[in-house]
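Dropping the structure in here first, questions after.
As written, the chains take the letters A, B, C and D, and residue 1 is the first residue of each chain.
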Amino acid sequence: MSFFVKGILLEQKKEPMLTRSTLVMRQEFQYFDCDFMETPIDELSKEQIIEIARLAEIVDESDGKMLWEKLEKAELGEKGTLIVDAIDDEPYISSQMAIGIHHQEKFALGIELCEKVLAPAKTYIAMYKHIFDTNFSIPRKIGGYKVEKIGGRYPAENRAYRHIPKGRNSIVIGSCAMLHLARAAEDSRKMSSCFLTVAGDAVSNPRNVEVPVGTSVEEILRLCGLTEEPEVIVVGGSMTGRAIFEPENELVGPTTRGIVALSRSYNHSTYNCIGCGRCDHACPKALSVSTMRKLAEFGKFDELRNYDAAQCIGCGACSYVCPARIDIAATIIKAKKQMELAKKEGTL
Amino acid sequence: MTYIAQFFSMMLTALFIENIIFTRAVGTSWLFYLVKRPKEIIRYTLVLAAVVTLSGAIGYPVRGLIHDTQYRHVLVPVMYIGILALVYIVVYFFVKKVLPGQFEHFGMNLGVGVFNCAALGSLLIPAGARLDFISTIGYGIGMSFGFGFAVVIMGYGLTRLEYCHVPKAFRGVPIALIYLGLLSLAFYGLVGHQLPT
Amino acid sequence: MTEKLMFQNAPHVRQSESVRTMMTDVVIALLPIYLMGFFYYGARALMLGLCGVLSCVGFSAIGSLALREKFSFDLTPVITGLIIPLLMPADIRYFVIIAACAVAIFVVKVPFGGTGNNLFNPAAVGFASAAICWPGMVFSYPAPIQSLEIFGESATKIAQSPAYSLALGAVPEYEVLDMVLGNVPGPMGATNIFVAAACGIFLIVRKAVNWITPASFIIPYALLSAFFPRIEASSFDSLCYELFSGTVIFGAFFMLSEPVTSPKRDFGKFLAGITSAAAVFLFRYFGGFEMGFASALIVMNVFSPVFDRICEDILHVYRHKDSLLRKKEQNPEKEEKKEKAPALKIFKKAEKKAEIPEDEEIINVSLINTPGEELVPEEKEEPFEPEEKAEESEKEEAVQ
Amino acid sequence: MSEIKEKMNISESLQYIFFKNPVLVLGLVLGQLAAGDTTLQNGAALSVTYLLIVVPVLVFASVIGKKLPGWLRVVSYTVLAALMLVPAYFICGSFSATIFDSLGIYPALLAVSTVPVVFASKIAEKQSAGEAALTGLCIGIGFAVTALILGGAREFFGNGSLWGIKFAEAVYPAVKLPFWGFILLGFMAAGVSAASDFFRKGKEINKNEEENQ
C-alpha cells in the first residue's frame, strides 16, 4: 500500500450471522419454461445459459445490472479473469460470504456455468480476509475454485477491483447471482428471492435471510424478532446504508446487502472539529478531507473541485474515525450532489 | 565594505525585527486595502520601495539642516511630504511615458500608493532616529519590503479566517484587527521593548 | 415500532473514541507535571493550576453566553487553564494567571468562534501577553525545593533561570542532571524535562498527539543549538543547555502539537516542526525576552495552512498521477503547459475567490470592507476615473 | 447602507459618526490610533489634528478639486493636508509641552492617511461645499469619539491616570503597546457593528409594523 493511503481497520461484528445457516422465508417459487428443459446441465451451450439467465431475470447484486446482459457483452480476451465478488467489508454484513460457505455445491455449479460462457483464463473468489471474530477460517478452495483473500483495510471492495489488470478486461459477478444461475439451470427456477443479513443489537436472533424480492423491512424484522425498540433501522450496508423511517413500506431489492437495527443511535456530537487530521489519514483516496468539509460547509464549490471532491467514493471511513462525531462523509456527499446540480445548470 | 554590511543589517532589522506594521502599527489601512488585492502586492511594494529610497536620498541633506530647530516636529513631516509630492509627479510621468502598459494597471491608485502612511512612516522613523545616509536608505527599503512581508502574512491569515465560524458581530474589520493585534504581539516578543516612534 | 425512529447519517457504526477521551488523555498527561510542581514549590503550584482552570472555564462560559450559543462543555479550556500556570514561576500573583487566561479565552477563542476555530494557540498568546505586561514578575523565579505559602506575598530569593543566562551568553552554573530533574529555578512546570518528556510519550502512545510534531521539532532544534552555540562551550554542552532550558521540551509536547492550530497532514506537521525549530532558535537568539518559544509559536501558527497547501499539491499530483503519466506518453512536450498542478501560491485560491458572484443563500463571510469601496458602490472601472476620462467629463460639463 | 439613510432620514453625512465610523467600520485610520493614542491628551491632539486636516481638504476638493487634472488633484490634497499640520501643531502644543514626544510621528501620518485622498476624490468632489464641510465635520467627530474613548481607556488602565491626573494604580501596564491598541480597536469595532445590527433590526421591525397596519 502506498505511504499516503491508509483506510481504517473495523471490527467486523459478523459473528452470529455468518456461522448460522440461512433462514428461508416461506415463499412460492415461480418457474419458467424453455425448449431445452431436459438437456443435462453440463451440455448446455453458451447461448442456452445466457437464455436461461435472461428468462430467470437474474439481477447481479454487486452492481444491480441484469446478469444476461453482463454475460452477453463481456468478451474477455485470451487472458481474461472472472472474479466472484464475495467481499463483505462492512461490519455486520455477510450476505455474499454466507453463499460461499453454506451453499457450496450450487455456488460451484453457478461458477462453472459462467466459466463455460466466458471461458476466462483464471477465475477466483474474492473474500475479505480481515475478519478476526469468527471461530472458523475461510476455506482455501470452494468447489475447486481458488479463494483469493483480499486483505487491507476498509473499504476493501474498491481497492480490490482497482487492481484488476488494466490491459486485459475482466468481469466481477456477485456470489448470489451465481447461486440463482445454478438454481435456474437445475430446476428452471426464476429469481424471486434475494439474500441479505439481518443484524444489529436490537435483533433477537440475527442471521442471514433469503426473502422474496419486495417484502417489507418490518416483515423481515418480525421474522428475526426484535429484543427492544430500535432507535435506528438501516437498509443497505452498515457503513454506506441509509436510515429509514417507515419500515412497513420500505421494500427490499436484490442489491440491498442487509438490514441493521440499532437500539441506540450514536450520540449526536456538539463538539467542533478540532483539526486532529485523522480523517485525512483514513481517506482511502488520499483526499484532504478536513479542508473539504470546511469548504463544503461554507459552500465554496469551485475550490472543492480543486480538492478533487469528485474522487470521493462515499465509503464513510472519515466519519467513522472522527472523534468529534461530525458527519464528514454526509457533508461532502451532499456538497458533491450540489456541485453536480450546479454544473448541470451551468452556474459553476 | 562596512557600508554594505551596515546597509544590509539595517534592512534586515527593518524587515523582520522592527517591522513597520507589527511593531509600530504604521500603514495599516493601506495594508487592509492591499490584502484584498493579492495581485497588486508586488507592484505596490516596489513602488513604495522606489519612492522611499528616492525621497529618502533627496531629503537627507535637507533634514540635516532642520532637525535641530525648535519646530522640527512640524517642519520635518511637511518637508518630507513636499518631497513625496515632487517624487510622485516624477514617478507619475515616468511611468506614464516609459511603461504605459503598467500605467493603466495603476490608474489613479498611484496617488494612494505613494501618499500613504507606510511611505511617510518609512521616511520619518529614520529621520527621528537620526540615522546616517546609508542606514536611512537601508532602513527605508527594509521597511517597504517589511510592509510587503506583513501583507503576505495577513493574506495567509485572512484566507484561513474565511473557514472559521466567526460570530456575526466580529465579521469583517473587527476580526482582521484582532488577528493583526495577535500577530504584532508575536513580533513584539522579538523586540522586547517599545520602539521610539 | 415506527414512532421512535431517528435519522442518522451514513456510517452507522462509529469509533468509540471521542474528543472528550482525547482531551482527558491530555489532562491526565498534565497532572504529573503539577505533582512535580507540588514537590518543588509546595501547595501553591496546585492552587495556581486550580485558579487557571476555573478562570478559563468561567471565561469560556461567559464567552459562549455572550455569543448566545449553547455552552458545550468540552475540555479545551481546562487544558489551556492547566498549561498557562505551568509556564509561569511558582511565586506569581494570582491576578497574573487570571489576566493571562482572560486574554487566552476572550481574545483568541471567542472572537474567532469557539473551540475549533482559533487560529492561534491560546496558551501561548495568554502567556505571551502576561509576560509582556509584567516582565518583572514573570521572569523572576524562586529557587526550587521550598514550599511557598499559598496566598500572600512570597519574599524569597529571586534567582536567574538558565534560559536568562543563556540569553546573556553566559554558561549557566547548573549542571545538566539538575536541569533534567528540574531542581533549577525556572517556570513551574516546564523545567522538569524528564517528567514532561514522559507525559509527552504517554500522549503519543495514546495517539492524542502525533509523534511527528515533537520529533521533527526537538531533533532539528538540538542540531541547530549544537552547530550554532550561543555560549563558549562544547557543542554537546550547548545542546544540553539549550534543550533543557526554557520551555522547549514541554512546549514541543503540549503546545506545538495542539491539534487545532497545527497542520493536518503528517508531512505538513513535519515541515511545521522544522520551521518552528528554526523560528524558536532565531527568536531565542535575537529576541529581547526569554519567552522566545511562545512568540515563535504564534508566528508559526500563521503558516500551518501553507504547509497544508503544500501537502495538498503533492497529493493532487499523486491523485492524478495516472492521467498525468498518460498525458506524458501521448504528448511529452505539450504536457507541461496544459495540465499544471495548482500553483503553490496560496493566493491562487484567493484570486479565484474574487470572481465568484456573492449569492446570498450560501453563508457569505464578508471579509474586510475595504476603505473607499464601502462608501460608493464599486463602479465598473477604476475607483477613480483615469485621467483621460476626467477630460471628457470636463468637456461634457463645458458642453452643458 | 443606503436603506439606513431613508429609514432614519438623517442626512447622508451624519452616518459617518457611528454607522459608517471612519475608523471602526471602514477601517481607515487605524495605525495612528493603535500606536499613538495611548493617553487622553494624545487622543485629543490626534482628533484636533484630524479635524483640522479633513474639513479643509474636503471643502477644497468640493470647490476646486473637480477642476484639476487627475494627478494634480491627489498632490494638492496631500500638500494642503500637510500645510494644515502647522496650525494643528500650535494648538496641540497648548495641551502640554511634552505632547509631541509621546505622540512621535503619528500626527504627521494623519495628513497622509488614506482618508483625505479617498474621501476627497470619491465623496467630496460630488458634493457642494457646505455638504462637504458637514461630511468632514462628521468624519472628524467620529474619529474624535473613537480616539478619546480609546485613549482614555488605555490611559486609565495603562497608568491609572486621566489627562495626567493620577487616580488609581496601573492595572494592566501593557495596554499602552500597539498590539493592544489593535485588539481594543477590534473589540470596539465589533461593538459598533453589533449595535448597528441591533439598531437596524429595531428599525426594520417598526418598518414592517407600519406596512402591516
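Heads up, the rule we're going with is that a residue touches a chain if its C-beta (ideal position, glycine included) is under 8 Å from a C-beta of that chain, and two chains touch if they have at least 3 such contacts.
Keep in mind that what you see is a predicted model, and the values were worked out from it rather than measured.
Trainee: State which chains count as neighbours of chain B and simultaneously of chain D.
Mentor: C
Trainee: Measuring centre to centre, with centres taken as mean CA positions, what chain is farthest from chain C?
Mentor: Comparing chain centres, A lies farthest from chain C.
Trainee: Using the stated contact rule, I'd like to know whether A-B or C-D comes out ahead in C-beta pair count.
Mentor: Spelling it out, more C-beta pairs touch across C-D than across the other pair.
Trainee: Indicate the whole-number Å distance between the mean C-alpha point of chain A and the mean C-alpha point of chain B.
Mentor: 63
Trainee: When the C-alpha atoms of chain C and chain D are each averaged to a single point, how far apart are the two points in Å?
Mentor: Those two chain centres are 35 Å apart.
Trainee: Per the centroid of Cα atoms for each chain, what is the distance between chain A and chain D, given in Å?
Mentor: Their C-alpha centroids are separated by 67 Å.
Trainee: Per the centroid of Cα atoms for each chain, what is the distance between chain B and chain C, given in Å?
Mentor: It comes to 28 Å between the two C-alpha centres.
Trainee: At least two other chains touched by the same residue of chain C: list those residues.
Mentor: Correct list: 107, 111, 114, 117, 129, 132, 349, 353, 365, 368-372, 383-387.
Trainee: Among the residues of chain D, which ones contact at least 2 other chains?
Mentor: 25-28, 70-71, 114, 118, 121, 177, 183, 186-187, 190
Trainee: Two-or-more-chain contact residues of chain A, please, as numbers and ranges.
Mentor: 272, 291, 297-298, 300
Trainee: Which pairs of chains touch each other?
Mentor: A-B, A-C, B-C, B-D, C-D
Trainee: Over in the complex, which chain B residues touch chain C? Could you list them?
Mentor: 17, 29, 32-33, 35-36, 38-39, 104, 107-109, 153, 155-162, 164-167, 170-176, 178-179, 181-183, 185-193
Trainee: Mind pulling up the chain B residues that touch chain A in the complex?
Mentor: 162-163, 165
Trainee: Across the complex, what residues on chain A touch chain C?
Mentor: 2, 4, 10, 13, 91-92, 218, 221, 226, 229-234, 238-248, 260, 262, 265-266, 269-277, 280-281, 285-288, 290-291, 297-300, 302-303, 306-308, 311, 314, 316-317, 319-325, 327, 329-330, 333
Trainee: Please output the residues of chain B touching chain D within their complex, sorted ascending.
Mentor: 21-30, 32-33, 71, 73-74, 76-78, 81-82, 84-85, 88-89, 92, 108, 110-112, 115-117, 119-121, 124-125, 128, 168-178, 180-182, 184-185, 188, 194, 196-197
Trainee: Along chain C, where are the residues that touch chain A in the complex?
Mentor: 1-2, 4-15, 17-22, 70, 72, 74, 76, 114-117, 210, 259-266, 269, 308, 311-312, 315-316, 318-320, 342, 349, 352-353, 356, 362-363, 365
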